[in-house]
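Labels run A, B, C and D following the written order; every chain starts at residue 1.
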Amino acid sequence: MTKLTAKAAGTFAIAPTPFHDDGKIDFASIDRLTDFYAEVGCNGVTVLGILGEAPKLDAAEAEQVATRFVKRAGKNMQIIVGVSASGFATMRSLARATMDAGAAGVMIAPPSNLRTDDQITGYFKQAIEAIGDDIPWVLQDYPLTLSVVFTPQVIRKIVMDSPSCVMLKHEDWPGLEKISALRGFEKDGSLRPLSILTGNGGLFLDFEMERGADGAMTGYAFPELLIDVVRLSKEGKRDAAHDLFDAHLPLIRYEQQPGAGLAVRKYVLNKRGVIASSAQRKPGATITAAAKAEVDYLLSRVARVDKRANLQPQASAAE
Amino acid sequence: MTKLTAKAAGTFAIAPTPFHDDGKIDFASIDRLTDFYAEVGCNGVTVLGILGEAPKLDAAEAEQVATRFVKRAGKNMQIIVGVSASGFATMRSLARATMDAGAAGVMIAPPSNLRTDDQITGYFKQAIEAIGDDIPWVLQDYPLTLSVVFTPQVIRKIVMDSPSCVMLKHEDWPGLEKISALRGFEKDGSLRPLSILTGNGGLFLDFEMERGADGAMTGYAFPELLIDVVRLSKEGKRDAAHDLFDAHLPLIRYEQQPGAGLAVRKYVLNKRGVIASSAQRKPGATITAAAKAEVDYLLSRVARVDKRANLQPQASAAE
Amino acid sequence: MTKLTAKAAGTFAIAPTPFHDDGKIDFASIDRLTDFYAEVGCNGVTVLGILGEAPKLDAAEAEQVATRFVKRAGKNMQIIVGVSASGFATMRSLARATMDAGAAGVMIAPPSNLRTDDQITGYFKQAIEAIGDDIPWVLQDYPLTLSVVFTPQVIRKIVMDSPSCVMLKHEDWPGLEKISALRGFEKDGSLRPLSILTGNGGLFLDFEMERGADGAMTGYAFPELLIDVVRLSKEGKRDAAHDLFDAHLPLIRYEQQPGAGLAVRKYVLNKRGVIASSAQRKPGATITAAAKAEVDYLLSRVARVDKRANLQPQASAAE
Amino acid sequence: MTKLTAKAAGTFAIAPTPFHDDGKIDFASIDRLTDFYAEVGCNGVTVLGILGEAPKLDAAEAEQVATRFVKRAGKNMQIIVGVSASGFATMRSLARATMDAGAAGVMIAPPSNLRTDDQITGYFKQAIEAIGDDIPWVLQDYPLTLSVVFTPQVIRKIVMDSPSCVMLKHEDWPGLEKISALRGFEKDGSLRPLSILTGNGGLFLDFEMERGADGAMTGYAFPELLIDVVRLSKEGKRDAAHDLFDAHLPLIRYEQQPGAGLAVRKYVLNKRGVIASSAQRKPGATITAAAKAEVDYLLSRVARVDKRANLQPQASAAE
C-alpha cells in the first residue's frame, strides 16, 4: 500500500482486535473485519490503537495482528499501526517490522508522565530518532485517556521539527477551537499542511468537519455513518450531514463510555456478523444483558432513519 | 423550605452563579434565575456546585449567593448548597449558615487526593462530624472531574454509616451499571432507600431513568427538557421520552465539554433572557464567535421539535 | 516590618499552626513560636504554608493566624503569608488584609490541575492581577505535592513578567540542577536577580547552598541547624557545614515523610516547649508511640554532636 | 537456584541493566555485576525492576538480560525477575521463560490506573491466573512512583488469596507503620508469614528493620552497607547499625532523587569498576559534572568511616 501523507483524508476506522472466547487471536475475524471496512468505503484502518487492546498483546502477537490487517487490506486501504510502547526498543521493533510488511504509517501516543512542553517535544524527538525518520507517523492527542496536554503551539513545534509527521489524530476534549487554531497556523504560514482526523468516538464529528478536519479516525461500529457525514460535510450539505449524524448520535453517545465502549462496539460488530465473538482479553469490561437491550433499542431507533442499522440477530459470523 | 429527604425526586437544576461583566456577583440575575427554575417546574436547585464557580467566591460571597437563592426560592423549591471545601472549618461555616438561612440540604464532593476505600469512607465520616449530623446531605460521585473512584460498596458503606446522607448525585461515567448495582443493594436489603439524581450534563438521562434514577440534577440550559424526560420516563412512555431527549441530545452533547460547557450554558441562559451577562470570573473559559454560531445552529435544530428552543435574541434581560 | 525583596536571604522557618487538643487555634503558642524563631535567629517566618494546615482554617481564622504572627514578629522578622487558594477572590482577600496588617510578602502555589507551560504562566499572571502588583510575592515550586512541573524557562518567564515576584521557594525534587540553571540565567542576563530559598524539609540543603541558594525555607524542628548550615556554607566552611548537617540528617530524613512529617515536627516542637500541643486539626496524621520512640532515639543521637537536641521532656509549655 | 519462599531474608540488590555507550546491552557487565553482588554477600538480586530500565527493553532483550543474570548467579544467589507489563500476555511470556531458565521468582507492580481496593485485588488475581499459580511472586508496593495505594488490609487480602505470593517489596512512603500493621496481622493470625524486604533506596532501612522487615531490596550502590545494617539490626546491635547507616545516609539520600538516582548509581558502580559504562538508554537522565563532584565528595566523606567507599578512579572495568 502507499505510504501515508499529509493529504490523507476521509475515514480511517479504528479496528478492535478480534479474540476468540478463550482469549486467542481470531485471525479469520481480522480478515472479515478488514474486508468489511474496505467494502463500506473506509480509506484506511488504524490497528493496535487504544481500542485495539494493544497492550494485552505480546510483541510477537502485535506484529502478527498488524501484519494480518496489512496483508488483507492489500492496495484497498492504508493501514496505520499503533506503536506506542513503554520503551523505544519495542516501539522501533514493531514500527520497522510492520512498515516492512507494508503498513502505510504508524501512530504514537505519549506516555502519561509527560508534563512540560519541553518534555513532550523531547519525547517525540527521541521517538522519531528511535523508529527512523523515514516512517510517516501520526501524532495522537488524547488528554482524557493519556493525561498529556498539548497546546496548539506544541503540536506545531512537533510537526515542524519532524518532517515525517503527517497527521494529527485529534481527540482533545473539548477540541473544536484546537482545530481552528491549527488551521489558523497553516493560514499564517507557521505550520505546514497537516492531515487532521478526529476521534472522540465521533461525538463531535459534525462540527469538527466544519472547523476544518479532514475526516474521522474512530471506532464507531457503523463506519458508514462516519463516511457519509465526512462526505456530506465536504460537499457543503450541512443540514443533511447533521440530520444523519443526529440519527446516530444516541448510539455514538452510548458507545463513548470510557472502558465500556469497546464492549458495546464488539457487541454490535458481532451482531453485524463481522467478528465471531465479542470477547475481550482480560482485563476487560463485559456487557450486561441490560446494556445489550439498551443497545438493541438504540439500534432499532437508528434504523428508523438509517436502514443499515436494521440488524438481524447475527446468524453465521463464526461459521 | 422543607429539609431534603431520601424521597427527593424530579429535577434539581444545577445553577450557575451569575456575574456582571466586571466579575461582581449579579444578585438581580440570581433572583431571575431562581424564578425561572421555579416557573419551568424544577423541584429544586443546587447552588455553588462545580458549575457554580464556587471556588472563585470568597467565604462571605459564597454565603451571600446561597442565601439569596434560598430566600428567593422560598417554599417553591428546595435549595441544596454545595459546601465542598479544602477544609472542614470552611465547610462547616457555610453549611451551618446556609441551613440556618433555610437551605434544604448540602452537597459534598471528595477532595481529589483520596485513593483507598478507607480514605474515602474516613473522609466523609469526618466531614459529617464537622458539619453536624442534623444536616441532610448529598454525596457527589464524579470521578471524571474529581479523580476519586467510589465502588457501589463504598457508597453503600457511606450511606449506611451516615443516616443524614439522603441523596447520591450520580455522575460516574460510565455509570448505568452503578445505578443498577445500588438499586440491587436496596432490593437485597443491604442499602436503605436513597434518592439518586443524575448529572453528567444529562448525557445519559434517558437510560439512567430506566435504570432506576429518581431524576436529574444537572445544568442543561433547558431544564424543561430534563423535567419532561424524567416525567415521561416515570409514566412509562419510553419512546416519547427518547424522542424528546434525542431532539435535544446534539445540544446536550455540545454543552458537555469539560471547561467549555459553562460558557455555552451561560450563553444560552443569557440568550433566554434569564441572566444579564454570560461572564465568568477569572480564570474562566470564553465562548468564541464560532462556538456561538454552532450553538445557535443547534438551537434552531432543537426548535424544529421543541418550540421552547426557538429563542429570539434576548432583548431585555438586564433592564 | 520591611517588605520582602529579591535580596532576602538566610533562614525563613515554615511555621506550623498550633492548635489546642480540641482543634481550636492556640494563639498563645503562636506567640511563643514566633518568639522562638526570632530568638534562634531566623530571618523570617512563612505562615499558612502547606505545613501550616492552611486549608483547614476558614477565611477569618486564616487572617487571624497570619496577623497574630505579623504582630508578634514586629520588626524582628519578616512574615510571609501563604495565600494559595482555590480562587482569586479568597487569595486577594487574605493577601490584602495581611499586607495591610504588616506582612512582608505572600507566597503562591499553583493549583494542581495546571499542565502546559501556558497554563502555568497564565495562572500566575491572573493571580497577580487579582492580588495587585504592589505585593512582593514568592513563587512556590513543589511538584511532589502540587503535581505542577515548572521548567527553569517557565520560572524565568513568570519572574520576568511580574516585577513583584522576588523569591522562589524551591522544592523541586530533584532540584540541584534547577538552581544551577536559574543562576546560569542570571549570569547570562536573561533573568533578573531572584532570591532562592529551598524547602524539601532541608534534605538537600547542604548542596543547595553550594549550587547557589540564598538560604532555607522549611519547617525542620531545629531551625538552628538550618541557620548554621546556611551560615557555614556562605562562609565557605564546606566540611563544617556538612559535618553539622550530617549529624542532623537522620532526623531531617525522618521528618521528611509525606503526611507524617508534620506530626513529627509538632511532637518535637512540643517537646522543646514551644507549642503547647502537638494536635493537628482533622483530617490529620497522628504519631504512634513507636514513632515517638524513634524520634527520641534520633534526638539522642543528634545530641551527641549538637547539644541543642538534648531535650528534656517538656514540662511547662502551656503554662 | 532454589525457588523463593516466604522465609527469604537478607539483602536482595536491585540491579541496574548495564548498557554500552551506544545503548546496546552490555552482557559482560551483567556478569561482573552478578559476581560483585555474590562476592559482597547479597542473598539475591532483583533484575528488570524500575531501576533496571525494564520498559526500555524489548521482549527478547528482557528475556536475554534476565536469563544472563540467572545463569551467572547459578546456585549462589536467587534472582527475582520484574515482570510488570502493560498486559498479561507479555507478563506471562517473560515469567514462564525466566522461571524455566532458573529464576527464583518474579515481581509484579500494579498499573498506575488502579484506584479502588477491588480494582487492585482484582488485578493481582488476574495476573496470577495469567502467569500461573506455581510461580513464587513478590508484590511491589510503591505508591510514590506507581500511584497505586495499598492499605495493609488490601495487601493481606492479596496475600491470603494467592498462596504463591511469598514476599512484599515494601516501599510505601511513609511506610514504617505499614510494616508494624502487617506484622500485627501475622500476630493476630489473619495473615500468614510473609517476607518483607524494603526499598525506598534504603532511606529508612534502619528503622524498617526495627519494625520487623526481613531485609533490604534496593539499589544502593554499596550493597555492603545494606547487608551490614540488616545483619547488625538482626543481631540487636542497634547503635552499631545506626552508626554505620548514618555514615552512608548522605549518599543514600543523594541517590534517592527520582529520575536522577539511577545516573548516580551507575556512576558509582562504574567508578567501582563493576560496570563498564554509566550510560542509560534513552530517554534517560544524565549526570552533570557538578553532580559527579558532589558524589565524589560524599564518597570521600563516607570513606572516613567505611573504607569500602574509598574508591580509586576506575581503571579497567571494561577491559
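The rule we apply is simple: a residue touches a chain if its C-beta (ideal position, glycine included) is under 8 Å from a C-beta of that chain, and two chains touch if they have at least 3 such contacts.
Everything quoted here is computed from the prediction, not taken from an experiment.
Visitor: Starting at chain A, find the fewest moves between touching chains needed to arrive at chain C.
Guide: Steps on the shortest route: 1.
Visitor: Would you mind reporting the rotation angle for the C-alpha fit of chain A onto chain B, rounded to the nearest 5 degrees?
Guide: For the C-alpha superposition of chain A onto chain B, the angle is 180 degrees.
Visitor: Counting C-beta pairs in contact, does B-D beat A-D or the other way around?
Guide: Looking at contacts between chains, A-D has the larger number.
Visitor: Looking only at residue numbers at the chain C/chain D interface, is the share used by both copies over half or under half? Answer same or different.
Guide: Mostly the same residues form this interface, as more than half of the numbers used are common to both chains.
Visitor: For chain C and chain D, let me know how many angstrom lie between their CA-based centres, rounded off.
Guide: Centre-to-centre distance between chain C and chain D: 34 Å.
Visitor: How far is the middle of chain B from the middle of chain D, if each middle is the mean of its Cα atoms, in Å?
Guide: Result: the chain centres lie 49 Å from each other.
Visitor: In angstrom, rounded to a whole number, how far apart do the mean CA points of chain A and chain D lie?
Guide: About 39 Å separates the centre of chain A from that of chain D.
Visitor: Mind pulling the residue numbers of chain B that touch at least two other chains?
Guide: none
Visitor: Going by the contact rule at the top, pick out the chain B residues touching chain A in the complex.
Guide: Chain B residues touching chain A: 173-174, 176-177, 180, 203-204, 206-207, 210-211, 242, 245-246, 249-250, 253-254, 257-260, 288, 290-291, 294, 301.
Visitor: Under the definition above, what is the set of chain C residues touching chain A in their complex?
Guide: Touching chain A: residues 115-119, 148-151, 153-154 of chain C.
Visitor: Please give the residue numbers of chain B that touch chain C in the complex, ascending.
Guide: Per the touch definition, chain B meets chain C at residues 55-61, 85-90, 92-93, 112, 122-123, 126, 129-130, 281-283.
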